[in-house]
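Going in written order, the chains are labelled A, B, C and D, and every chain counts its residues from 1.
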Amino acid sequence: MSQTDMNIFESLESEVRSYCRNFPTVFTKAKGHKLWDENGKEYIDFFSGAGALNYGHNDPKMKDKLIEYIQDDGITHSLDKATSAKGEFIKKFNDVILKPRNLEYKMMFPGPTGTNAVESALKLARKVTGRTDIISFTKGFHGMTIGSLSVTGNASKRKGAGVPLSHSVTMPYDNFMNDEQNTLDYLERYLEDSGSGVDIPAAMIVETVQGEGGINVARFEWLKQLDDICKRHDILLIVDDIQAGVGRTGTFFSFEKAGIKPDIVCLSKSLSGYGLPFAIALFRPELDVWNPGEHNGTFRGNNHAFVTASAALDYWKDDQLEKDVRNKSEITHEFLNNLVEKYPELKGTVRGRGLMVGVACEEPEYASKVISEAFERGLIMETSGMDDEVFKLFPAINIDEEALKAGLNIIEESVKSVVKEPVTN
Amino acid sequence: MSQTDMNIFESLESEVRSYCRNFPTVFTKAKGHKLWDENGKEYIDFFSGAGALNYGHNDPKMKDKLIEYIQDDGITHSLDKATSAKGEFIKKFNDVILKPRNLEYKMMFPGPTGTNAVESALKLARKVTGRTDIISFTKGFHGMTIGSLSVTGNASKRKGAGVPLSHSVTMPYDNFMNDEQNTLDYLERYLEDSGSGVDIPAAMIVETVQGEGGINVARFEWLKQLDDICKRHDILLIVDDIQAGVGRTGTFFSFEKAGIKPDIVCLSKSLSGYGLPFAIALFRPELDVWNPGEHNGTFRGNNHAFVTASAALDYWKDDQLEKDVRNKSEITHEFLNNLVEKYPELKGTVRGRGLMVGVACEEPEYASKVISEAFERGLIMETSGMDDEVFKLFPAINIDEEALKAGLNIIEESVKSVVKEPVTN
Amino acid sequence: MSQTDMNIFESLESEVRSYCRNFPTVFTKAKGHKLWDENGKEYIDFFSGAGALNYGHNDPKMKDKLIEYIQDDGITHSLDKATSAKGEFIKKFNDVILKPRNLEYKMMFPGPTGTNAVESALKLARKVTGRTDIISFTKGFHGMTIGSLSVTGNASKRKGAGVPLSHSVTMPYDNFMNDEQNTLDYLERYLEDSGSGVDIPAAMIVETVQGEGGINVARFEWLKQLDDICKRHDILLIVDDIQAGVGRTGTFFSFEKAGIKPDIVCLSKSLSGYGLPFAIALFRPELDVWNPGEHNGTFRGNNHAFVTASAALDYWKDDQLEKDVRNKSEITHEFLNNLVEKYPELKGTVRGRGLMVGVACEEPEYASKVISEAFERGLIMETSGMDDEVFKLFPAINIDEEALKAGLNIIEESVKSVVKEPVTN
Amino acid sequence: MSQTDMNIFESLESEVRSYCRNFPTVFTKAKGHKLWDENGKEYIDFFSGAGALNYGHNDPKMKDKLIEYIQDDGITHSLDKATSAKGEFIKKFNDVILKPRNLEYKMMFPGPTGTNAVESALKLARKVTGRTDIISFTKGFHGMTIGSLSVTGNASKRKGAGVPLSHSVTMPYDNFMNDEQNTLDYLERYLEDSGSGVDIPAAMIVETVQGEGGINVARFEWLKQLDDICKRHDILLIVDDIQAGVGRTGTFFSFEKAGIKPDIVCLSKSLSGYGLPFAIALFRPELDVWNPGEHNGTFRGNNHAFVTASAALDYWKDDQLEKDVRNKSEITHEFLNNLVEKYPELKGTVRGRGLMVGVACEEPEYASKVISEAFERGLIMETSGMDDEVFKLFPAINIDEEALKAGLNIIEESVKSVVKEPVTN
């Protein structure tokens, strides 16, 4: 393949593009935890498609299944018609994921992206309860279509709507006040006081760990208490597990260790295993009050994704992956804790759970510099947080230890390089 | 592959599923205009994934390119990073589609579904103009996320939102009043009178032929006049070409023969050529006021779709396909005109342009019966319109004449069978 | 009393003031159809407080009752406590107005201004039906608080809200299209088509003659048909009779001759008879689903207004006033028809019903000039319409013929003076 | 005057009426702190028209001025035309109230009720800043029209809107959390974090003491800090002084002792002095960006109210009234503190400032019983708070000590009687 003229993107693609500005090269090939650009330069991937590539790139087993399926002219696009590939996914997801976790959920294919899943979850919650408002949380991120955006905290994303966003109330996420007070006391006070101006909502929507918001972790007891509040006030609990789910925090669902069973769960990103567009909404069978076709969408039946997603479920047939993630998470956390201690100029705080981790820098500029230096050294990472103050480590959860350590080493070198320069404002 | 237990769908998939109720079988394989189910029964496809499979299923050239790309471990998922597959698509789309039509547009990858494209178009129009309202049209369909739903006419879909939809005004589509009066007189009266309660909107969004709305065709002069009104009042014109575009009406864009150049165009469905999730928004370069990342989404960079979409563009390198569609459109229209004449009990009206055609039945029940009979006879079609009163013919636009006629024959047999039965209410 | 320094208003009162700009003097005394300013200049009043002084200023009988009440230390302010003055008004209004017209209504005191009555009507309609939307009409005016403003057509008033106005749809008023087509065909088409994007509303709100909108008259058959549409679709009909009611069009309620009985009626302006703040909402007893205190307000119990309003009802004990208005309306219409014929330069069109009349000038500037000239000559009139293109005749409905003719003479002189000057743009 | 048939109210007045249910008699006469019903029974008034009769009923000096004005046929109704009565009020209000307090404000007459003043304040804040949202506070009450209701906390009042209320965010009022934490820390955290989901608002609207909300007092330092936050974030501060203003808390404006100068102040209720409908909005001259007529209303020029309001200003020519209120406030607070100590069964908490005081009962039922017993004994009081848990003492601020003590005695007797009965739930 000939070299791609970078001018094509400059002149023909919208200014809205963003990642390509941090990673200014043309990528062409990928395998496992590695990416290559057109110049043959190799990169370790600690970005993982913002959480859409938890199993790394182009996993060989999924790849074989996908090619076989395409070779055989399997159905590619099916809307919500029944296909054998879809049937297999539904059955296997139930057998491998839901049943062993004692979760009884129905599955909805709301369209292939996370925001489709969130929009359908909000619709369903409103229909079931007959209420209009949704409580979301500070720094939450749930998508860019108007329904999802109305429960997203980020001011500049919200402003992009061009219209006032309504029917939602933002409550403080765990530790939002940066002190000892339990933010759920506020929330419950609002619900209990009929003069609070906050009506009992249809649902609360929450991420157990906020990815875009800056790798903010809700404590398990906070989540447990949130679940209790929802139950007591007859409010549906929606866990948006789009980024934190599918193993990223160490278990398939991120909420498992909190001991809760949300009413509705949104999954997408790594669900297909292969980076293909795919999303589902799960909900308690009693909530399945949809009329046929009440929510729809052209790409609800992406059979290539059904095929790879089914293959990906093999990772969850035993607990080996969970153990591996735990081990690599420990390595990563230990490394990062040492790092922030060793480089106090960074003024860094380690955040995260499982392999959803990051370092928040008091001077936001440092985080951007670190990822820029890392890119030069062949490591891809992104920033997150409201001021891009966090550099975010999202290695493939099945990365081998050696590659993980190679990536961590690049981070240390990058940090070392950055803290030498004085911060300018 | 073993037989799929249909109970899986009943017990584990949400009640929201709909097409599978009309086509109660498990599909397993497809090629060109044909589908097969698990029992080996063959179907002619006059449904084409609701317009997402204009080139038929699993087109061999696209298939080869796709398999080759996957074999080579090409980048699958890239968000908005630059990849060689993306670069190729952008360049080829500009060279094959835009330039020859004297269209200067920038491309935005807003997420892989039509509703992502519509939501981004609305955001952009609001940002550019600083206004909040959008004018849409009766029976228009633009998607199921809250922004797109607010410009969609269908009452039951709207109700599904669970919240009042706002910042939009619905104006009468061409021929909405079923008489001689020009509905645009009404629209313009509203714009010109400062007491009309309708503010000058950011944009108007229109389909040139309404698919979901019941195959309603806007006359070219109506579209031309609409464009004039927009220009005179400094309103952006958005053409949602998601269903009518990519050749369905006989030209790549459905608006070409109206002689207009919309400010913003939304494409999806058949854009990838292979049924893979893919969408773009096109807009005049002057409108590209996005901040980086102001709209985003996990599956903006679906490289499998870039690969097949690039391959699909070969169909447009000359005008052969356009000629073929014209020819087959004539065959189809002639057939349908004869049909409604021959079976007056059907009280049918032929509607459509190109290969986006349908027959509206005065008794809505007839349309459902026709598609049900056709399914039995091995032909897949869907209904559309507010009361499902239209049976809709969407063959692949590259179907061969023989297959087209075979399908049309099944339709005639189905109609014959249906009109024998008395209609019951 | 010493002269008032006009600088007080300039320096201390907000720029929002408007009438004082057209009538730049300080008024000090008024009686019947006459006003005097501090310089002793006498004016004939064809403005009547924008319809709040239908019985003229300081009616002697009402004045006596009011002074007597104040002298006796009658309750002034009572919220919604029972008072003898309130009891008397309720009983007399029922006996003199409602019963003879076969109207069975309950009365609500929603606060003392028209917009309070409109807001309470909208609330009640939404509560009764469980629906959110209201259909209003082009050029309608219903008040300046957010609920009332959302059903008001005027663009600059709407913009003043500072937020998008929602939950309302504006339909075309009678003759909005300036041609033969019946605007209700549009409206009903929208209601009947489930793809129209317009949901069945809670209510329609309409003025039978639009005052602020430019003295636009709805034909009785149009109103009758509107009423039929509402009944057939189970929509509540609200007549906002705030400006057109209390005798202005020749009958107490403006809708009497249309033969309709609205579900809800809003009255204010001239209801107190004396220009005191007072408003009521009337509705069918079956609609009285309010909880106690669900709508409230400090000045619901303005007993001075109860006293004068009760006295004003004496005008309606027989049909003398109706006859007088009919007679004076004929004089006025005949005069104006002659006027526009005699002064073709005015390009005037006579509009109105009863003593709610005006002349629309093709060149809006003319209307302002006429009222300005009239003011100089001792006649007070205002303009209305979206471009202030209508000069509006609102004499007291009990004005004597001689005074009426004196006012009309001043109008003729003013027109004569204006048409001599060339129009400049 | 003959006896009023109570059936009139039952059969002809809407169920929305409320106070008449607590005070089931027909009032007919009032003077100072006393009311009489048709049976000649005398009542002490500790209700004062919910704060609209701070100077008592039918103050003799105001009465004389008003009768004289009516006798002389002074202008009654003037919209926003200049009148001598209006000029006098504007000048005197500036001279007696604003100048001595170093307040430079322009005056707007937005219509005669509190909610008109609030709606105009919100419009102006939105116009000045170009922002849409308003921050209001838990348990705040600002009126019943949709704009004012959207910033009101009470759930049942909000529900009465029948539509979702938007463009507002409710923040915790001082002491909302019932603990030591400063609720403004929470508010400011929301403003400072760009991921909080709360946009910088156009304005904050606050009552310094919440009347309807249950006599909740904001500490002066809290108000001062609120003012600082507004200044730092360029947010307008609106003080709704409709109930707490005009002397009720001991100074003319309730915010004087907090040392703040709000950007906008809303006044109504006792402003006319005589219980006549009257309201003004005051704002810094720089904020006066209104277009002429951008906000209007029929009863903006209630000249009877101008006359009595001017007369009422004489109370503020020296500091005698302030001293008297302070003295009577001390008496009242001392009495109530003793009361709750003496009757521990009441589980009462004394709340309030100046003569805006109340006792919150842990068992809400007690409050209702106390006012019921008091009514029997000839004392009129109302309850407030979300559960009507507060009995509220609002004597005229110019009441004499003897009458005050007589009222307090009735309260003690009523409490004594109530606490004997066991509370039933």
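Assume contacts are C-beta pairs under 8 Å (C-beta built on N, C-alpha and C of every residue); 3 or more make two chains touch, one makes a residue touch a chain.
Labels paired with UniProt names: A, B, C, D = Diaminobutyrate--2-oxoglutarate transaminase.
Just so you know, these numbers come straight off a predicted model, no measurement behind them.
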item: Copies subunit B and subunit C touch via same or different residues, half shared test; value: same
item: Most distant chain from subunit B, judged by the mean position of its C-alpha atoms; value: D
item: Length of the line joining the C-alpha centres of subunit B and subunit C, rounded to whole Å; value: 50
item: Where subunit C and subunit D are represented by their mean Cα positions, the distance between them in whole Å; value: 30
item: Euclidean distance of C-alpha centroids - subunit B vs subunit D, Å; value: 58
item: Two or more partner chains touched - positions in subunit A; value: 132, 156, 163-164, 166-167
item: Touch-based graph of the chains, sorted into line, ring, star, complete or other; value: complete
item: Subunit B residues within the subunit D interface of the complex; value: 163-164
item: Parts of subunit C lying in touch with subunit D, wherever the complex brings them together; value: 1, 4-6, 8-9, 12-21, 23-31, 35, 38, 49-53, 57-58, 63, 66-67, 70-84, 87-88, 90-91, 94, 106-109, 111-116, 119-120, 122-123, 125-127, 132, 143-148, 150, 156-157, 160-163, 166-167, 202, 242, 268-269, 274-277, 281, 283, 288-299, 302, 304
item: Partner subunit A, residues of subunit D touching it in the complex; value: 132-133, 136, 138-140, 152-156, 158-159, 164, 166-170, 172, 176-177, 181, 185-186, 189-190, 193-199, 213-214, 385-387
